[in-house]
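Shared between the two complexes below is chain A, which has chain B as its partner in the first and chain C in the second.
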Partner chain A sequence: MGVASQRRRFLRKLKSSLPWYPFIFINIVVFVVFNFVPWISMLQISFQETDLLSFRKFVGLGNYLALFQDKLLGVALSNTFLYALMYVPPTAAFSLFVAILVNRKIFGAHIFRAAYFLPNITSISVICLVFLRFLSPRPDAPANYLLGLLGIPPQRFLVSVEQALPSLARLGLWESFGYYMLIWLAGLQGIPSELYDAALVDGASGWRLHRYVTIPLLRPTAAFILVVSTIGALQVFGSIYIMTGGGPVYATTTVVYYIYQQAFILGKFGFSSTISILLFLIILAITYLQGRYLRFGEEVY
Partner chain B sequence: MNTLSRRALFRFLGLVGISSLAACAPTPGAPTAAPATAPAAETPKAPSLEATLEIWTYPRTENDLEIVYKPLMEKFTALYPGIKPEIDVQPWGGRREKLYAACAAGEPPDIWYATTDTLPTYVQKDIILPLQDLFTPEELADYTESEIAAASYNGILYMPLQEAEVNGFGYNAKLLRELGYDPQTAVIETWDDIYALAEKAKAKNWYVEGIRTVDWAEWVVTLHEAGGSVFSADRTRSLMTEQPAIDTLTRWVTEFKNGWVPLEYAVGSEQEAQGLPSYWLSGEQVTARTEDAACWRDVESAPELEYVIGHPRRKDTSLKLVSGVVSGQGWGITKLSQNKEAALVWVKFMITPENIGLFSTLAGTTPVGTRAKQEFWKPKSPCVLEHVSRFSPHLFADQDANTLWQESKLTCAPHFQAAVLGKETVEEALEAIDKELNKLIKERFG
Partner chain C sequence: METARARGRLRSSGKARPEWRTARLSLRVGQALERAAVYSFLLAVAASTVGPFLIMVSVSLTHNIRFITFPIKLIPNPVTLENFQTLFSKTMALRWLWNSFFVASVSTLGGVVTSTMAGYAFARGQFWGRSLIFTLFLGILMMPSTALIVPQFVVLSRLHLVNTYAALIGPWFASIFGTFLMRQQYLGIPRDYDDAAIVDGANLWQVYYKVLLPQLKPAMATLAVLRFMGNWNDFLYPLVVTSKANMRTLTVGLGTVARSGGDAGLDMAGAVVGFLPTFFLFLLAQRYLIQGITLTGLKG
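Moving on to the complex of A and B:
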């Protein structure tokens, strides 16, 4: 192929793509201004001891070495992983279960879908303030009253070192399952009905239909939900900030809350930037592994 | 086809890396913030000044802009037509973080409503303009010595006060009566008095008071009731393993263990304290630590509440009575303000005795200054005056009031929680706190 024809092809391609570049450019600008520049700035600050106001001191890898000596960071990391474990699998499973339920052609399915989605569009502050009362350790508080009806003794929920993190994870599940339900629902409705018809002809029905048709074909949706919910879980902050302040006794101090404390209460912006980079690397590694094993983005049919 | 070779790509990435690392190194002699230029010492020719002032303040009423600032700013604009004050009433929660972030971004307000307990941090972060030589003695004449001291750090005036809280205690008269006390004569003063009242209240399923482990002021005041302090007078060491601290934490543990105080107050966010249920307002708590205007404000919120002004406290009669720590709010001018002269004019206007009195009358707060209180303040209810006169003499202001305030509460609260929830003994908790506070002191003061 001659150079002239290559150039002609290149110019033709360029000409046909040209109208789309402004749209891409806008996104690139937004990305650079709001993601890339702050990220580079954070990287720069992570090599400094600074409160961003009165002093800046270059400390080289000092903040990175300090990560290994910080016992509380270890606690925060462990709490974050525990939270992710208590939040991600139950949320994915429960939202799938609800999606399958509301995907049936039943009367009022739309109302159920809207109702389940409602907590997701409610402000997290409002939800937390309501749940602060709901989960009060008093025997006559709503949650304990309901448990009492089942013969279960009053629980301490947010005031117990053992129960605080699971309580927050359950709150997170309640708040977000409607969102994941919608994604599952889209996945479910994207499965061609011919595949079900074929399975029915082959003698599959009920649970076997879901086991051999629905679940395998939902793998891309599952991959998306697991990746997104894991990232969300590793970045949990709002409910902790409002409800427990990282307590009791550091039981709900997660990495992002710890970053907030180091930066905005103690003014250690250099160290908090270093923890942010560590968190970024952790999320990157987990997402990479999830993407690799769940074959994120691959077509299944 | 032209493609970027691997070598060229590595060269490019190498250049990017080197330039980022170079950017991390400090520039020798480069200032971290623009040097603040102090306004001229002589009184500025204010009426001719032209500026728009951004002023950050925090709410005292349901609509501060209308209720508090509109009348004051109308007066101000009549006097100084060229200066346009833009008042931004922000939430109290997270106010420090927002201010620090704005200063870091180089876009601070010109003036903000500063709090005395954070003054050392404002100075340390170099965000507050020293005002020492910018006021004439006449302009500061109405303040008492302690009010000037509270607004100063290391002898330099930074934030002339507008108001000061006088904290004390309130009693629920209805509950007291049902527990066999005469609300008009009952004096709950020593810790033994509190324990006796607590046992009676518990029998009725009420709380004697509310203790929040994340409330540092609560700890400092209770510790002073026991005759102690958190830090030595020279701020060189923590005193948290000494007997008063042991007595104080033992009291907290006793109260939580016996269910005399609400268990959910043991945990919580300092920033979002208002989210917790108030058993005081719901009529299930016999006494409460209250601020000066609570005698009418709490009753407005909870008309069923039969409010009686309480008494200062102490561990036993051999010790001094304590009501609270001196805590006030005043106006700070940011060092990065582009309108320092106009800002100074505005602050001087706000702190005249007449305007201090008017501000407190409108905002329902307690003014500073002698004439401001006597001549220009009309409290919403006479009970506020009674509260102020009962508790003012027992306020204290020492090293604890402005030493490592934010850091201390962050360090201590988890150990207080561990003690009251039975995860650590009182001694273990205080040992751990003492070690961490001493480390902080060493880091901060050398």
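Moving on to the complex of A and C:
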């Protein structure tokens, strides 16, 4: 009796479940082929030495131990963190500053917003084609000419070991601040105007208004922007591949570029998979720490 | 309006002095100065974001130009299309342009359709594995995509799919972000619609297609714009899964020739061709794009 009713319930549940699976079938296939299977094969080949073609050798923890010995990986890691440091705080601050300015009732605000968003909708290749020319070390190239007007001598930008990485970070800011400005604007517009009125009555004005009302209330937005821009910065690739090729002398070799180089130029798929796992863990840890420290996702009022 | 607010500010701060009129005047002058400063700053920033693209267009229309040098004439004399002629006749740009259009269109269509389907299942369905699959999807959404680039190539090369459209489109044919977005939309539609249709004898597909989908058009437009732009501008993945020049997308193709440092006019003509499609889409669908970004804080 009990078995029969259990069986009946099972059949009923099965019957109500089945019609739903076709709706998620394609999602599942894409997930399996492009996420699940790659995950398994990443773990698998991280224990091998293989070029995928002629040889395949099990090396145990060899690749993992090599992580600690590879000097260039150390360079790539420090370049990546340096890039994030040079990119994230200035981008977050600058986009907030611009957002506060265009959030006022000023003439043409939406045109400014669209103009600032323009680099963000443009592909990295187009941007790099243009800026490879603009940042040329020639004294009459656009960037150097404009610096010359300010009395600054010609710079070597991308061909200089010291300036290449900061130049790329600044290009990253130029490309993405419009996007973060939009996120800040959404945050700003979510602040109830009564709070500003209350602060005005209390005698606050100008930048003090922002210091005591805007900035504290924007904490959830700030958390989101810092997390997202850090994750983006740690994975920077396009501008490096196109503009510097990791050079000069490894000055712009970041982790993702190093992974690319190890796998697709040197054919070391095992070692590059191991670095990919390391990158994944680093991003996971940083996201977790930032999320905790900034209390990501928490409401303030 | 402005002065009324300023007056209110003076009054409410309790500092209505005898020199009220001069205070108001200096406040007005101060405001005008501040306003001018704000405008010049905003204009300077706008010049920095728009200027490079204007120069790009100008150089692409210039005859025989090897380097971009300042000072520059924004309107070249004579205006010529010869750089574009060379671009389309002597390079692979036209093939890349076609690849990009084909891949981005199919990816967008596929991604939007599968998102509305899966979103429907997750919003309305009761089936085995629902919460497990949902959690797994959420996990993938949080994952850095670049960490998987090498094993994705490994899997595709085992399947002999390197240098195929299938590889370029495949991962874009489903969108977890889109699935969540659509699920949210379905949850905003009362179940009474579904129930009424089912009472009338409709099956799940009819409910999905005839009753609910028409109400999702704005969300679908938003997702479509985000997906198209995301796919068009994608760089690392299409770079890795193609090695033959004739299978490159425009973004990757332009990226691979950028540093060869040839003729500036030809380079900028390529840049213009890469720039215009997303630019026009931005002009046409700005509302959907900005809505999508501010609603979700995510792209693609």
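Convention: the second predicted complex is superposed on the first by the 267 of 301 C-alpha atoms of A that agree within 3 Å, B and C clash if a C-alpha of one lies under 4 Å from a C-alpha of the other, contacts with A are read in each partner's own complex, and residues count from 1 in each chain.
Everything below uses one rule, namely that a residue touches a chain if its C-beta (ideal position, glycine included) is under 8 Å from a C-beta of that chain, and two chains touch if they have at least 3 such contacts.
Note that the coordinates shown come from a computational prediction; the quantities given were computed from them, not determined experimentally.
Applying the stated clash criterion after superposition on chain A shows that chain B and chain C collide. Judged by the touch definition given at the top, the superposed model places A:243 against both chain B and chain C.
Touch criterion met: A:119 reaches chain C, while chain B stays clear of it. Of the two partner chains placed by the overlay, only chain B lies in contact with A:58; chain C stays clear of it. In the superposition on chain A, contact of A:224 is made with chain C only, not with chain B. When the two structures are aligned on the shared chain, A:267 is found in touch with chain B, with no touch to chain C. Of the two partners chain B and chain C, it is C that touches the larger number of chain A residues.
By the touch criterion defined above, A:128 lies against chain B and chain C together after alignment on the C-alpha atoms of chain A.
Contacts of A:28 after superposition on the shared chain: chain C is touched, whereas chain B is not.
When the two complexes are overlaid on their common chain A, residue A:137 makes contact with chain B while staying clear of chain C. Legend: residue contacts after superposition of the two complexes on their common chain; A:47 is shown touching chain B, with no touch to chain C. Overlap of the chain B and chain C contact sets on chain A: residues 52, 128-129, 132-133, 136, 138, 241-243, 245, 264, 269.
Taken together, the chain A residues at the contact with chain C in this complex read 13-14, 16-21, 23-24, 26-31, 33-35, 37-39, 41-42, 45, 52, 98, 101-102, 104, 106, 111-119, 121-126, 128-134, 136, 138, 140-142, 145-146, 174, 178-179, 182-183, 185-186, 200-201, 203, 205, 224, 228, 231, 234-235, 237-238, 241-243, 245, 256, 259-260, 263-264, 269, 272-273, 276-277, 279-280, 283, 287.
Against chain B, the residues of chain A that register as touching in their complex are 6, 40, 43-44, 47-48, 51-58, 128-129, 132-133, 136-138, 156, 158-161, 164, 240-250, 261, 264-267, 269.
Within the complex, the chain C residues that touch chain A are 9, 12-13, 35, 38-39, 41-42, 45-46, 48-50, 52-53, 55-56, 67-72, 110, 114, 117-118, 120-122, 125-128, 133, 136-137, 140, 142-155, 157, 170-171, 173-174, 176, 179, 203-204, 208, 229, 232-233, 235-236, 239-240, 250-255, 258-259, 261, 264, 267-268, 270-271, 274-275, 278-279, 281-282, 286, 289-290, 293-294, 297, 299.
Note for the complex: chain B touches chain A at residues 1, 20-21, 23-26, 32-33, 94, 96-97, 100-101, 103-104, 121, 124-127, 213-214, 262-264, 266-272, 275-277, 406-407, 410, 413-415, 417-418, 421, 423.
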